[in-house]
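Both complexes below contain subunit A, partnered by subunit B and then by subunit C.
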Partner chain A sequence: MPSATLLGQALISGVLAGGLYGLLAMGLSLSWGLLRLVNLSHFALAFLAAYIVYELGTSYHVEPWWSAAMVVPLMFAIGAGQHWLFDRFKVNELASLLITFSFAVILEVAIQLYWTADFRRYETEYATRSIKAGPFYIPVLELVLCIVAGLLAWGTWLWLRRTYVGKALRAAAEDPAIAAAYGVDHKKLAYLLSGIGAAYAGIAGTFIALIATLAPAQIWAYLGVVFAVVIIGRLGNPMGALLAGMLIGASESIAMAVLSPAWAPVVSFSVLIAILLWDPEWL
Partner chain B sequence: MLLEARNLHIGYGDAPAVWDVSLEVGGGEIVAVIGPNGAGKTTLINAIAGLLRCRRGELRFDGADMTRINAHAYCSHGIALVPEGRRLFAKMSVEENLELGCYLPSARSARAQSLERVYSLFPILRDKRRQPAAELSGGQQQMVAIGRALMAKPRIVLFDEPSLGLAPTVVDAMFEIIARVRADGAAVLLVEQNVLKALGIADRAYVLEQGRIVAEGLPGDLLQQPHIREAYLGV
Partner chain C sequence: MAVNAGRDLPKLGAVIAIGVLALLPMARLPAFYDSFLYLVFFWVSLSTSWALLSGFAGYFSLGHAAFFGVGVYVTADLTTKFGWPFLATLPVAAALPALLALGIGAIVFRLRRLRGELFALLTLSVTFVIATIILNTPIDGGGGIFMSAVPLPAIMPTPTGSIYLLGFVICVATLAIAWTVAHSRLGMGLFAIHDDEDVAEAKGVPTLRYKLIAFALSAGIAGAVGGVHAMYVGFITVSGTFELTVPLYVVLMSVLGGARNWFGPAIGATVITVLLYAFISGGEAMIGRAIVGVILISAILWLPDGAVPAAKQWLARRRRVPAHPPPAAVAPVVPPARPVGERALLQVRGAAKRFGGLQALGGVDLDVREGEILGLVGPNGSGKTTLINVISGFYSLTSGTVTVAGVEIGNLPAHEIARRGVARTYQIPRPFVNMTVLENVVLAATFGNPSRPAAETRDEALHWIGFTGLSGKEAVLPGGLNLHERKFLELARALAAKPKLLLLDEVLSGLNPAEVDNAIRLVRAIRAQGATIVFVEHLMRAVVELSDRIAVLNEGKLFALGAPREVMRDPRVVSIYLGKAYAA
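For the complex of A and B:
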């Protein structure tokens, strides 16, 4: 059994790493829960954003925060553009899986053509910084990621709860025809929400560029875990997505510390199955 | 006339469900459409609310041609629907359901007064305003559905089977509310299977059978017709 310090450190690292799962899950959860579209290309968009941030940083020495300011609006536009296709071809939930899977493959190939299949690493001064709190080390980048993800989740949650647009989106998710009878132009709102989901992929991508090593095939690395996170966090619930991300991140990290690193991939789905069997009221 | 339908054909797929229907509702009028199950009453009222497209015919509201506008624009003309089976947003709270009624900017500015009016009409909803709509009883849900329509500041309220599935005492209250809606200035188009109640409150009525209007007139006159007495009153 590892020491308490090691377990504590594993817990902290896990929760912080889970912030990225939550951030990736948020956009996916919004479009799945509120538009009934499962966007598998969400991960590819995040990596496209990551590669652009990497390119701007290494070739043009643009600070990552400035790159994010360019990449996030670009992703918003791509998300809204994708929605034009969904809308044009009246894509349903199941078809969206297939179509966005092919989007993801196309993006993967495009990334590979431009940036090759080599591993790319964006070295920044931020990557190695950490704060020492008692016996524990807290990596600064991951901490910033979690704060950003927390603010986004909270802001999105408030937006869905408190504003007319947010309420209209929730109403249209339940009964689009009746929402329309009260003046909700669901088509227009769906473009907005698709754009927002993709913009979140852009934010996640910025952090991926700073934290992870990039390779085209990595697009698929987060797929399984983030799907589990989306389901545990409840569809359409941004706060749930973030908390579920942190729960899965912490469980993986503890499993790696207690058992062995090989166990990590098993954890997310074990937690998902356990929670589905438990069937708590909040799910 | 506030609402004018001329020779409407409405339907799904190849078979129209409503054939060549013409009807009118004047400002401040209560007009009932009665008829048996499956006669096309809900199809007709959904088309007037913008939920279904008309295949042929003319639909005018206060002079405006409604056949070419988008479903979500019907409400801005002053048409509000109380749909069959209530169709509330079940996961949202009572107050959120009501707020959806005043989604459009014109109604939104009167949110506070409209909410106050609905809560004074249905005091029980004030106590339950934070509860999910799904947790309410059938009668209370019907109150939310009517309240949602009133929040839109409508010029006509379309009621689709408002008494369906409600206890008899609640049904009486529901018809009183419909009279109140008219007294407050809106016109009412009412689709009902409860023929006696509907004819009791209506100024005029239409009888819809197998997708066609087979009779129309004053409620008193319709009640004298042997066919109506036989088919709907069992005498």
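For the complex of A and C:
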């Protein structure tokens, strides 16, 4: 059994790493929960964004924050564009899953053709900075990520909760025709929401570029964990997604410290299956 | 004989083709041909096995690689680490994934929230978990497994020929299984689950068992395919085995060919394998993957049912064959009305149903006598439909009991209740939309009764179609019926189960006066055949005209019970109903 300090450090790193899961899960959770569309290409979009940030940073020495300012609107446009396709063909949940799966494969191929299958690392001065708090180290980038994710989740949650948008979208998800009859302009909102979801992928991608090593096949690395997070956090609930992400991140990190790093992927699914079987009211 | 030639020729052709293909390696063609054809068989088997659950029953699995991969590793480990002969490992390679599927199914199919896309993602997750476990344990350990030392039985002159033959045998067996399932009770049940699982259950389809059987069959075949593929590949790694391309291609092939058709996946698999080969041999494997992605997107958008069903429709239209069978001549059924019996057929005692904080039924006691027509009325939200849902088993009781003919049914699954002679209709008709009128009624007749020869069931279904006045519409899909006809299709399906107790939920709402008269005559005729009827209705004229007794529900409780005219004159009833009685 590892020492208390090690476990505490594992917990901190895990919660912070979970912020990325949460950030990735938020966009998915919104489109799945409120638009009834499952967007598997969300991960591919995040990696596309990460590669663009990487490219701008290494080849043109653009600061990552400026790159983000360019990438996020681009992702918004792609998200809205995808929604045009879904809207035009009246795509249902399952078909959206298959279509975005294919779309992700196409993006993966495109990334591989341009950036090759090699591992890429975007070295920045931020990557190694950390704050020392007592016996623990807190990496600055991950902390920023968690703060950004927290603000976004909170803002989105307020937006859905306080304005009529959330209700309108939920109503439209239940029965678009009836909602339309009550004057809900579902279509415009759906485009906006799809765009926002993809923009979140852009933000997540920026952090991925700074934190992680990039390779085309990594697109699929987050898939399972993040979907577990989306389901545990409750569909359509950005705050839930972030909290679930941190929960999964912490459990993985502790499992790594106690067992071995290679076992981490099993943790999220064990948590997911356990929660699905428990079947609590809030799910 | 000339008539039979048309039917027997394809069979003869198939037998000759199977024989020739089986013996092909004897011709000692270059190994390339054996290998290429093996890959075609490989994908045909995998995609067809996937379609058994995912195409037929509509539960899309993205975890086919998990079952395939377990099969691969069973054979790889048993041969290299335990010295088993290769062929002896194949039954285990099939059995273990089948058991795994049963385990997964037993968990996930019980989740009441399980929707299609959740199933897809759960199965995908299972793939990652299994891959991680295999990678981290001595099953693989991270180094991969070499199969080169494993002796291959010389069933053909060349090693590639032997693998070819094994792949071919599995392929033919898979297609035979798919054909058999598609033309059996199991297949009929799975198709119904695809369209509307709740209704399938209410018509007597044991949905959980059928899904589990289909899942196990599907996984078992994938495992056997994996076992043979381990020998074909020669060097086995986790990343190569649990690749995402397996579920992607399998879904693509099936969707492209038509996943609800037993032969559709085979067509899709053949086309895609040839296409992929063309790209790979041209050195453009990556581009090939992208193009497969583009084809999948296009297929889902423009050809949602797949190529085989589309081709069938096109052929049917070209031939202009009258697709429907000749309508059965139905003798008018006018048996004498039977007296209402003394014995209670349905006994409801203290039936309560709570949804979270909402008490929908608060302890209802009700007896319905044999042969009686009981009208169930009450204001909106008074619990009428909930009571129907509780009796038919769609909702489980929170407390209380329901007995039919002395047998307690309160906590049985809906299909068991259906088999004990309880049938229902839905307020908003819920036909199986991809099945014709005849198929809809045949399904109800098949699952609502003890098993009988198919021809007998069919004749009976035709009888009830005639009885409800739907003759001539046998081959029409429910989408082509008007509301009146859809309501009568609901009735025909309920009647085909020959119920002791028939629960009718607002069959008259939305009908015009002439149609209402027609429906009232029909309900009388149904009772005359010996059924006991409980019907929910807002149309007071029909309630008073039809009912022997009326039960009034209000706020989840039995409010009044008695002869129609007395109950409807009761001032308390009028007060809760005020306005509605006149509006109707």
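In the analysis below, the second predicted complex is superposed on the first by the 283 of 283 C-alpha atoms of A that agree within 3 Å, B and C clash if a C-alpha of one lies under 4 Å from a C-alpha of the other, contacts with A are read in each partner's own complex, and residues count from 1 in each chain.
Rule of thumb we're sticking to: a contact is a pair of C-beta atoms (placed from the backbone, for glycine too) under 8 Å apart; a residue touches a chain by one contact, two chains touch by 3 or more.
As the structure is a computational prediction, the values presented were derived from the model and not from experiment.
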Sticking to the clash and touch definitions up top, decide whether subunit B and subunit C on subunit A clash or fit. clash
Could you look at A:272 and tell me whether it touches subunit B, subunit C, both or neither (first, second, both, neither)? second
Of the partners subunit B and subunit C, which touch A:263 in the superposed model: first, second, both, neither? second
On the A-aligned overlay, A:184 touches which partner chain: subunit B = first, subunit C = second, or both, or neither? first
Subunit B versus subunit C as contact partner of A:220, first or second or both or neither: second
Looking at A:101 after the superposition, I want to know if it touches subunit B, subunit C, both of them or none. Which is it: first, second, both, neither? second
So, A:174: does it touch subunit B (first), subunit C (second), both, or neither? first
Looking at the overlay, does A:164 come into contact with subunit B only (first), subunit C only (second), both, or neither? first
Per-residue touch tally on subunit A - higher for subunit B or for subunit C: C
Identify which of the listed stretches of subunit B (63-71, 99-107 or 189-197) has C-alpha atoms clashing with subunit C after the superposition. 189-197
List the residues of subunit A that touch subunit B in one complex and subunit C in the other. none
Within their complex, subunit C touches subunit A through residues 60, 62, 107-108, 111-113, 115-118, 120-122, 124-126, 128-129, 132-133, 135-136, 244, 248, 251-252, 255, 286-287, 289-290, 292-294, 296-297, 300-301, 304, 356
Touching subunit A in the complex, subunit B uses residues 49-51, 70-76, 80-81, 83, 87, 89-92, 96, 99-101, 103-104, 108, 148, 152
If we count contacts the way the header does, which residues on subunit A are in touch with subunit B in the complex? 164, 167-168, 170-171, 174-175, 177-186
Subunit A residues within the subunit C interface of the complex: 32, 38, 85, 89, 91, 93-95, 97-99, 101-103, 105-106, 109-110, 112-113, 220, 223-224, 227-228, 231, 260, 262-263, 265-266, 269, 272-273, 276-277, 279, 281, 283
